[in-house]
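Structures follow.
First chain A sits with chain B, and in the next complex the same chain sits with chain C.
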Partner chain A sequence: MLRKAQRRIIVPFLLPAFVLLALFFLYPLARTVDLSLNEFSRTGSMTFVGTDQYERLVGDPDFMNALKNTFLLTIIGALMLFPPAVTIAWALSHRLRGERFFRFFVFAPVVLSVAVVSIMWKFLYHPTLGLINPALKEVGLGALAKTWLGDPATALAAVTFVSVWHGIGIWVVLLCAGFERLPSDVLEAARIDGAGEVRILFSIMLPMLADLLRMLLVLWVVQSFQAFAFIYIMTGGGPFGSTDTVGTLMYRVAFDQADFGYAAAMGAVLVVLMLVIAKILNKVMKRDELQY
Partner chain B sequence: MTNSSTDVLQPAADPRPLAAEPPPIRRPRRRRTKERPAPFRTYHLFFYLLLGSIVVSTASAFAWVFNVSMKTNREFLGTSPWELAEGWRWENYANAWNGANIGAYFGNSLFVSITATVLGVVVSVVAAYPLARVQFRFNGVVLAVFLMGLMIPWMVTFAPLYNLMQGFGLLDSRIGLILVYATYNLPFNVFVLTGFMRTLPYELEEAAAIDGASPTRTFVSVILPLMGPGVASVAIISFLQNWNEFFYALLLIHTPEKMTLPLGLFQLGQAANYGTNWVTLFAGMMMTVAPVLIAFALLQKQITKGLTVGALKG
Partner chain C sequence: MFALRKLLVVGAVVVPMMTLAACGSGGDDQPDAPAASSWQSEIEGGPIEVGVLPATGTPSLAFLEKIADSMATDISGTDVKLTFANTEARPALEQRWRSGDGLDVDYTMFDGTNDALLAWADDGKLLDLLPYLEQEDETTGAPWIDSFSPAVRQFMEHPESKGIYGVPSELSLQVLFYNAKIFKDNGITPPATWDDLTAAATKLKSAGVDPIAVTGLFEPYMGMWTDNLWMRTVGYDKVHEVLIEGKGSITDDPGFLDGLTKMQELRDQGAFLEGFEGTDFTAAQAQFFQGKAGMILMGSWLVSEMKDVIPADFDLGVIAFPTVDGGAGDQAGMMAAAQLMSVNAESENIPLALEWVRRVTSVETQTARAEEIGEVSAVKDVPSPPGLPGIAEVVGSADQLYPAYYGILQSKASEVVYPEIAKLVFGKQDAEETLAALDEGLKRVYGN
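Let's look at the complex of A and B:
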């Protein structure tokens, strides 16, 4: 009776959400694959070209450069993100005085819009009007002062740093939740056995959080693969394409060159690459489920 | 929460745990003593130093923005970045609000974010109910389709989406943006809400049915009232995302009158590059940042909890 009555609500309850999802996500997703197999002329007519677009991608130095930068951004970002995030979360798990206050400042940038953060940092990086170079000079490190966003050697790292600064709070909060869940008896036992705090972190806490760390790493890959807003606002892909990622290149190809098919092919490649990398990470970092 | 960065909020990049039943809830054992700070140890000094330097650098960045917003353009160019503003130039704020349209952007952002959040939450609560608590053949498949959105980078579909919106006549319209935002919130919402609904006892429906309530009635008067905390955290996270979203606004909105704050500020920033009106931009930034930071200060617990609820089940 109950089951039968309940069945009647399935379709009407699911329908509104499903319509939205189908229209604005599933259809465009399917269309992306379709578009990538076609070529757009300037007039907007479409011809089926099969995998030509994909072959074109392989020989396209712009795409290869963008792909290289996307990978670089992912790797540099992971190096900039994880060690500090783990350290901060570790620090916050010690029930310090003023914990709420510290948490507020660590997480505050997350709630700000990417647009605001990017504009703010664009000015902070400004060689003369900004805050960073004058600060370096003040403490006697004037030699390190650079035109951060204007120099191809530093631009990508500078942009990556901003995106890490903006998002690190989320990683810290998730890691904190992980730390909080660790069984305190195990940690207590280690302390009684005379293990130092650093030793406890590396030999007990982090191994027990391996699953969480893997998830966070995949999350970072998903996020940095579609990096767009920070770059678009701060450098627009320049100088000399040194910060051009697949995201920004796709957008330019679609709207400056009106080549939707080619942009769609880039998108499809990006999705496939991302799924493959997520799969690899899952496999490589997979451990036996720890029982505790 | 923002686009590429807003996507930070897409939690379960790993699809495996989604299919599995959520594990039994493990109560964090530290909770009890949480309120009391631990006794001081020497190594805590390192932590205080580390966290203190983060606080100082973040706070000085904000303070710098505020300071510049109180300067004149001549002062901004002529004095060192450290120098305090000569006076309180609140007129910069008035200029930004009226002259630079920040007021209009603010209104648009409020309208778009609130409507999209309400639509997204309502639609996903309703959809989450049968997915979480009614057994039917394609239950798992439908749920997987919803959750696929957590895994696939949404931005790759922007070209067809643009064409679609053009076809619907929803390009450059706030309604179009609202529909996209609501959809974009769905996977996370459905993920959190189904997880939340599964924790409710199944006897609820049976008891309601015996009392003669229809399934719809049961949902509205029995299940919904119990969903308060779940709905609240989903709504807060969705709102933050929508408030900060940049990419789709850039893609879909072109007229200045319809722009949301992030996009409007971006336009203002572009204009400041070529013009000389920096202080207005900084005042605009302050006005965008301040309400969000205040709201965050008040809702800190809910926001961070909402995030963890989604990403780490239980």
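Let's look at the complex of A and C:
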């Protein structure tokens, strides 16, 4: 237990962070909950309706579809992101010829704006004018050519891929930092004992990085639950709702239909879901702390 | 004990936040509007912010910048700030209106034919322009309002109060554009009826040209086809009742299924652009002008929007949406939208805002816009744009202008109608399945 005097010292250090948290998280959250209990007119006047908006959510197939797509995007994205990110970071943790070039190559898309990346990929995906389908046809893989963004079976994965392509550099940098702080004596000992690099990766490095991976996975869940910009620009939620996420639906409901209360209810539910999932992931993936 | 303390701390944080959050903002003082008879004598220079629809770098914007410059020259101290106010900017601009910081002149704030867009006028945020429009125009000697085509009055006028809250800077008509050279080369006559259209599609396909350019990435543009078909097979009022007012069932009138069936026939014929499912609207429009498709159903703004990519020798034809033989709806109606400028009732300089509206809608300005930019005007005595050959005949043959999209985009039906139409166009369901899905969706959102 901290003594009273120690607590007094801590308060001024915590205060700035608390003020920021209150201003940029707690207040908007409280405001969102407040909005969700009201019904709005287009001009912004509101009427208190209690929990009606939340009851509406339960029977709304559009919301359920958006929720399903949000979960799908999170899972598909995690599968697209983590295996290559870990592999690249692992490769970069070794001494490679041209390492700096590879680092630049992987990180470069991060500095491009979402709008630029979305438009560029929209063109690449174009069924007849784009680059992907003609390239596939050229190398004899014409059967794989698809209307990527226009087919409900591929659209979500196509948009998710772009989002991963754009952001993977950040994840690689974070993972590289994790690989670099692994104790070299442990790795060296494994090598002396005859373990191969792949064995070292799976049996030593990844278990030692479990805490970092758990944190990154939680971050990915939070990020993908907020997915909006790529979908909004590339598909607008279509074709027929197959890429609609809670973020895009919420935007349309709020700004096209001026139904701010209902959109706020969606937002509040999303926050609760995110917190619950983060909590579950933390609990399930928690490992005994390694001292090294 | 620890849990109780934790609860108290959370409570101490959340309760004040909730209280703060629940506090609304206060109202603003509304400046007095100038007297209708003397508003022009009250014009004084100053800053105003006006919404514009064209994007940066377009000839249309350059045209409006010239008007702003001329106002700054004519009225000392005038500074007109042009703010992009088209679709993508609407959410941010509407938020400004909600917080009492709306533009002095703005678009999409009112449409007398769309219940969802009456709210700003009903809440007193927009200036009733009727008293000013009733004043004699110094150049024509007739009331200002007489300069507008009577066909657009329905868009300008509030259906209940009869006040006027928007003045059209241009008119957008949904017309069928066709590549006249391809038609001539293949001996195809521009389609006047639905049967002509399907016959033309067959001939175009045989000639190796995709018959119709359409986007699969923007559902309302696919819906434009069924909107027009239903106008012909059902009639505007009935469609509006079912889709927007939630009255009756979509299965009651056989014209709905008829329209969907015709759409299915077109789809089954393979009439749409190759890969349209993954093509966005700009690319679809560009492909039409590249000669990769024979026709495109689009707003008359197509030519002004695509001005920079239309080949100089492109032979464009414009016709009305084909009629449907035996259709119970209106065969001479045309879907249209008026781009209405509204004046902020809380503007600090209402006379200057009115002067902007007057200058943009003058016969002189509208004539120049038609000739240079290719905009269709709602002002009388303005010639048709030369870039839209045949538009004068098309407009002349229309007995009624009906609001585009029926107001679906701002209605409860927006999440139902166009997504189901898209499934039909994509081949995911047939006409009867589409009707059943629409019926179910409409009953759900309207609870009838």
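In the analysis below, the second predicted complex is superposed on the first by the 259 of 292 C-alpha atoms of A that agree within 3 Å, B and C clash if a C-alpha of one lies under 4 Å from a C-alpha of the other, contacts with A are read in each partner's own complex, and residues count from 1 in each chain.
Assume a contact is a pair of C-beta atoms (placed from the backbone, for glycine too) under 8 Å apart; a residue touches a chain by one contact, two chains touch by 3 or more.
All values reported here derive from a predicted model rather than from experimental measurement.
Peer 1: If we overlay the two complexes on their shared chain A, which of chain B and chain C does A:Ala5 touch? Say first, second, both or neither.
Peer 2: first
Peer 1: For A:Gln257, decide between first (touching chain B), second (touching chain C), both and neither.
Peer 2: second
Peer 1: Let me test your reading of the model: by the given contact rule, A:Arg31 touches which partner, first (chain B), second (chain C), both or neither?
Peer 2: Both partners.
Peer 1: Considering only the touch criterion stated at the top, classify A:Leu149 as touching first (chain B), second (chain C), both, or neither.
Peer 2: The second partner, chain C, only.
Peer 1: A:Leu129 in the overlay: touching chain B, chain C, both, or neither? Say first, second, both or neither.
Peer 2: A:Leu129: touches chain B and chain C.
Peer 1: Please work out whether A:Phe104 is in contact with chain B alone, chain C alone, both, or neither, and reply first, second, both or neither.
Peer 2: It touches chain B, and chain C stays clear.
Peer 1: Tell me which touches more residues of chain A here: chain C or chain B.
Peer 2: So, of the two partners, B touches more residues of chain A.
Peer 1: For A:Glu197, is the partner it touches chain B (first), chain C (second), both, or none of the two (neither)?
Peer 2: A:Glu197 sits against chain B, while chain C stays out of touch.
Peer 1: For chain A, which residues lie in the overlap of the chain B contacts and the chain C contacts?
Peer 2: 26-27, 29, 31, 122, 129, 251, 254
Peer 1: Mind listing the chain B positions that touch chain A in their complex?
Peer 2: Checking each residue of chain B against chain A gives 1-14, 16, 26, 28-30, 33-34, 36-38, 43-44, 46-48, 50-51, 54-55, 58-61, 64-65, 68, 76-77, 80-82, 123-124, 126-127, 129-131, 133-136, 142, 145-146, 149, 151-164, 179-180, 182-184, 186, 190, 205-206, 209, 214-216, 219, 240, 243-247, 250, 261-263, 265-266, 269, 278, 281, 285, 288-289, 292-293, 295-297, 300, 303-304, 307-308, 311-312.
Peer 1: Can you check the complex and tell me which residues of chain A touch chain B?
Peer 2: Counting only chain A, the residues touching chain B are 1-3, 5-10, 13-14, 16-18, 20-21, 23-29, 31-32, 35, 87-88, 91-92, 94-97, 99-116, 119-120, 122-124, 129-131, 134, 138, 163, 166-167, 170, 173-174, 177-178, 180-181, 183-184, 197, 212, 214-215, 218-219, 221-230, 232-233, 247, 250-251, 254, 260, 263-264, 266-268, 270-271, 274-275, 278, 282.
Peer 1: Please name which positions on chain A make contact with chain C in the complex.
Peer 2: The touching residues are 22, 26-27, 29-31, 33-34, 41-45, 61-62, 122, 125-129, 147-152, 235-236, 238-241, 251-252, 254-258.
Peer 1: Where on chain C is chain A touching in the complex?
Peer 2: It is residues 13-14, 17-18, 20-22, 90-91, 94, 97-98, 116-117, 119-120, 122-123, 125, 216-219, 274-280, 283, 287, 409-412, 414-415, 419-420, 422-423, 426, 428, 444 of chain C that touch chain A.
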